[in-house]
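So, here come the structures, one by one.
First subunit A sits with subunit B, and in the next complex the same chain sits with subunit C.
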Partner chain A sequence: MSKTNRRQFITKAGALMGAMLAAGIVSGSAYAADFATAKVNTTKLAVTDTTVKVGILHSSTGTMAISETGSIQAEKLAIAQINAMGGVLGRKIEVVQEDGASDWPTFAEKSKKLLEKDKVAAVFGCWTSASRKAVLPVFEKDNGLLFYPTFYEGLEQSKNVFYTGQEATQQILAGLDWIAKEKKAKTFYLIGSDYIWPRTSMKIARKHIEQHLGGKVVGEEYIALGDTQFGSVINKIKLKKPDVIYAAVVGGSNVAWFKQLNAAGLNSKKQNMLTISVTEDEVLGIGGENLEGFYSAMKYFQSLKNANNEKFVAEFKKMWGPKAVIGDVTQAAYLGPWLWKAAVERAGSFDVDKAVAALPGYEFKEAPEGYVKVDSNHHLESKLRVGKWLANGQAEVVYESDLIKPDPFPKGYQ
Partner chain B sequence: MNETLSKILGGKQGAIGLGILAALILVLLPLGLDPFRLGLVGKYLTYAFVAVSLVLLWGNGGILSLGQGIFFGLGGYAMAMFLKLEASDPVSTAIQSTPGIPDFMDWNQLTALPWFWEPFKSLPLTILAILIVPTLFAFLIGYAMFKRRVGGVYFAIITQAIALILSILIIGQQGYTGGVNGITDLKTLLGWDIRTDSAKYVLYYVNAALLIGCILLSRYVLSSKFGMLLLAMRDKEERVRFSGYDVSNFKIFIFCLSAMISAIGGAMFTLQVGFMSPTFIGIVPSIEMVIFAAVGGRMSLIGAVYGTLLVNAGKTMFSETYPELWLFLMGGLFIAVVMFFPNGLAGIYDKYAKKVPFLRKLSEESPKARKAETVLVETKEAGVKA
Partner chain C sequence: MFDYSMAEIGNIVVMQAFSGLSLFSVLLLMALGLAIIFGQMGVINMAHGEFMAIGAYTTVFLSRVAETYGIVNYYFLFAIVAAFIVAFIIGYIVEFALIRHLYKRPLDTLLATWGLSLVMQQIFRSTFGAKEVSAVLPEWLMGSFQPTPDIDIPINGVFVLVLAAVVTLGVFLFMFRSRWGLRVRATVQNRVMAGAVGINTKKVDRVTFALGCGIAGVAGAAFTTIASTGPTTGSLYIVDSFMVVVFGGAASVLGTIASAFGIAQAQSILQFFMTSSMGKVATLMVIVGILMMRPEGLFASKVRK
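Our next item is the complex of A and B:
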């Protein structure tokens, strides 16, 4: 802020305070006077002199509710914290929450409602790739702004979306490098749920194992979403004796997968496994004792030791209860409102085009995961960690990579 | 009024009911709602095709299909395949390993368009596919079931199983079908952008006109001799069979017709919503569509449309107002309808319309609920005369 600006600001603020006191309104929005609504909002978004509306669009009902609830909680925490600091450009954030109901067409309908009826300045939401694919055309047509929290398969880059989770190469390559070196692994068995994310991830993993690690993939299996019969897969694994099982099994199938592995005697003492789909949230359902000693590759674990994270975990538990756990996606969802605040303040405007243009290059040093930087391809530069699961459902971080640049369209891995 | 016309309109009362519906969806809703809400109504009206088809099949034919989502989905996928090919021109897919094929094929390492996608490069062939593929599929299912006299609960279970199989097949073959994501990001129809507000209006009216057309067609079918036989079959199948009719052929026909009507709804859904996914084929949506018909009243073609609108409007409103509670409210609504109004909205109308003198006079003129036996005797006599 330049000197003139500051002086103007003080005069204006004084005038406004006077006016407000006269009207009997006490509010902390003096700062807003420096950013006249007509100037910071030229595209008819729901921005007033004192408030700005944003949307939260996750599933609070249906099969995905168990995963998405953490994201809703994290986004609400971040918004509450931002409001406590005075809001964005002096305006308090008001949340319009919609339920995607684990149903992709509902996601499309609700995103349209948020953008066309509520005129929200940004939306924090979606979890599965399918829901993101369903809303993407809506955001592109209505020029909305979406912050998407889940680690995902990549192969996408939209002007209207910021991806706060990791794309596939960020999550896969460093983790495979680590386990190949640490466990001297040569043979890998790939297993995943049957949809786009595991399939793309396994494609990348296979190329990396074969071309860069000099290893061999001895099996690749996909099981239908929600399937709970792993008997034949486990028999094949016993026959092939891979050095490492590389797993991307999601949702309810996870519980059956780990329990049946244990029942078949394949616990971590006999078998190495690296998964890219298990966070603290899933462990709640699976039970820590069932995956004790197995590894997950994520960018965030609740047990991370740094000041940002300790504060974040404490405030999360204060808001949502001492039993709440925080997984990778929950942390990524928490970044959304903060990144949006930064974008709007760097742009000095709520306009989507200006905010989008202002965000790349921004470094968020208060992130619970430590540090992230927004890349020009709308993904985040972040680190990868490998966590070893403990019986109490928490992970011990055994490896941390350097910062990894996002690469949603990886050359040589297609 | 000449006889055919009066048959199609369903007498004076039927004509008034249809007139009110037409005024509502063609004039009142477009005038009263903003483009966003009207788009939602347009989406609901595509489900109404399925509800209408269920009135034919279930209400009048007594055949409960829990797999109408199959046909809605097939129609929708056929349309989506055409639109997806148009959206996947080599220029806009230049970043792919193989430009010119749909994006999800590229993600799944396909390098050429599968043969069964080829016909969907042409719009006339696509429209043919929308009408014929679901009908043919219904014919195969119907032939296999009804010729063996499989009916009732067994038929309902089998249709449900087929719906499940088809959705698993589509999810499993994601390189060819888009998998669980469905076919998304559809933009233009022969170069015409279907996402603009003006396009939404045009599609809404096309959809509404097609729906009214389907209702008229259904009325015509039901008012014919065939319609009477259908009712007779529903109530006393054995008697119809012993009277010398081939019951299975009638059942196959009505099943095929209901499949075609559902498929038109599916195709219009894809055009208006801009994507298609396996969530519309499985068991849950198929059962939901039966609920639409039940809420409207399973005997009433027009009631089915109102039922669909009411249930979906309720869904949208409840979920917007109470994002955490809305499923319970919907459940409460269904229980209330079934407990207090077993004949749905049409039942409420029939019950209370009699208390209004003007409406009572109308309903007396066209006696609607005739007992199956009388119908059977009448048709048989008509058959003898002819």
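Our next item is the complex of A and C:
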């Protein structure tokens, strides 16, 4: 390259950069200029005059990838939409994505990297309770901010975490009330996978059935994770003839459970079942024909009819393909970036302490699930819906509760 | 138990007996391929579950194809054959590329095949996606057979049972009634002598390994009728497979059958009277107890050491 050419190149590049800067000042950054970086970021987070870094920490490999992929997609969609609107306090969001690889120590290590090396202003991530418990000490020590999307067993509340899914009582109580009334159910058979979430949930369900509904639990059963043989369990159910099977079976076992139930003649014509572990994501694997007529208790179904949701579903499919389905957790994950944006804008600062203090009380009316409100206990006030599964893999919402206040430490249920 | 009528108890006994048989056929199908590879060749194949997954994915893929052409009712038997062929070919390649270099180092085959299983899982994940998928089943495989209004016998269970019987019979004919089986048995008993009488022992190894993998593929295809298929499906089956083979006595196909039957019946009955997870625990305790008394497994091979 000759001398002149190089000089021309530098001049051109300089002009281009100047133009870009000028354009920046004129458009998006006019807003950012109102919030000087030194003022909105006093804790040395990765915030510049034009950008802010956030982390996404889910498993994109390993066993949990099947569940967490939807959350990653929803979070990326929300961030893309926020950026298209001009970002947060005039700053575009940059994503640092880490893979927890379905391994809990890896989650802890990666969260440490995100907080200490990348200095991200917030992290959207985790799916299983085990991964959340693994990262919790890191977030509390480094004073990070985590938005956690999954419905979970409750019994937790941290200054550094906002829980955008339901805690156990929000998902369980109203659903049981509904089916007890609707189907005049008196006897219940509880079945779940053998780990903390189903066990805690069933404990709450049993207390509610026995103390508040005047019903009877005729069987309680836990299946080892990954077990695919339900023959004996199904025979026990046939012998006890419960009015309702209340199920929280997860993962690969879930598919085997529904397939075998159908093969054994226990379909929705003969047996009522309410599950708290089947969303549209799971239906893909189970097959709508095996689920038809059974019920799920969730706060969100893809088929919800409201303007927010129709827009959300359309944009999700536009970004991730027409075959994409949206389950309860995917929607909850989508709320994370929006709630963080609201927190930062209400605080006028990216500082974690200020953002955390500003968020409770916030009402998010554009949520696909409809209205939600952030409670002072960092969970969301939301509704519960019961969906009846159709053969095409979508649910018909047959019941919608009033808004339910979150209660992560329910008295009388522990 | 006594607040039920005799008829109800009778129905449950019938269905419970079938559920034990059904579990037996599942365990047998899982373990047969492994019994051939581990029993006849001494290779600890940790990627056995992934070969099942290959069979399952082949079936899922063919079911998609069948769906587009509207021939869902007919493809399944063909899919089982295809699953066998695909798994056989991949097994053949794996033996050539990896296993044959490690015959004299049994512990290294364990590590190498475990590594292979991780690689295969990630390949499944990148190719077919992380989500679990299900094959579309033909109508005749779904639902239940009802001899009386209160007894339901799952048809997919009957199908797996019949398939397990056919495959086992096939393995027996192959091992004890064919020239190939003769060569395999000769190689196992005395490799040097077998070589001396003109048997190509390397080729025997390759075909034996590939055959074991092919049977795993058939098992995978059959399991699409009872469960879904995901990248890590194979790892769910590997522990049970080894349990059956080790408990049965490594070198004996008959032992594998007896062991699968014993474990299935014990587990199925115990799970009925206890909770599901306790039933499994109790079964494992019994197995550990028996293995302490008979370390060689149920049917110890009478080969001079």
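Keep in mind that, in the parts below, the second predicted complex is superposed on the first by the 387 of 414 C-alpha atoms of A that agree within 3 Å, B and C clash if a C-alpha of one lies under 4 Å from a C-alpha of the other, contacts with A are read in each partner's own complex, and residues count from 1 in each chain.
One rule holds in what follows: a contact is a pair of C-beta atoms (placed from the backbone, for glycine too) under 8 Å apart; a residue touches a chain by one contact, two chains touch by 3 or more.
Note that this is a predicted model, so its numbers are computed, not measured.
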Subunit A as common anchor, with subunit B and subunit C clashing or fitting: fit
Touching partner for A:Ala224 - first (subunit B), second (subunit C), both, neither: both
Partner chain in contact with A:Lys203 - subunit B first, subunit C second, else both or neither: first
Touching partner for A:Pro360 - first (subunit B), second (subunit C), both, neither: neither
Which superposed partner A:Gly293 touches (first subunit B, second subunit C, both, neither): neither
First, second, both or neither for A:Gly86, with subunit B first and subunit C second: neither
Partner chain(s) touched by A:Asp194 [first = subunit B, second = subunit C, both, neither]: both
Contacts of A:Thr61 with subunit B and subunit C, given as first, second, both or neither: both
Touched partner set for A:Gly285, first subunit B, second subunit C, both or neither: second
Three-chain overlay, closest Cα atoms of subunit B and subunit C, distance in Å: 5
Overlapping contact positions on subunit A, where the subunit C interface meets the subunit B interface: 60-61, 194, 224
Subunit B - residues contacting subunit A, complex: 34-36, 39-40, 43, 95, 97, 103-104, 107-109, 168, 171-172, 174, 179-182, 184-187, 195, 273-275, 277, 279-280, 316, 319-320, 323-324, 326-327
Of subunit A, residues touching subunit C in the complex: 60-63, 65-66, 69, 194, 220-224, 226-229, 231-236, 238-239, 252, 255-256, 259-260, 262-266, 281, 284-287, 289
Partner subunit A, residues of subunit C touching it in the complex: 4, 8, 11-12, 15-16, 18-20, 22-23, 26, 122, 125, 130-134, 136, 142-144, 146, 152, 154-157, 223, 225-228, 230-233, 236, 267-269, 271-272, 275-277, 279-280
Sites on subunit A touched by subunit B in the complex: 60-61, 97-99, 101, 103-106, 108-110, 112-113, 116-117, 129-130, 133-134, 136-137, 141, 153, 155, 194-196, 199-200, 203, 224-225, 409, 414
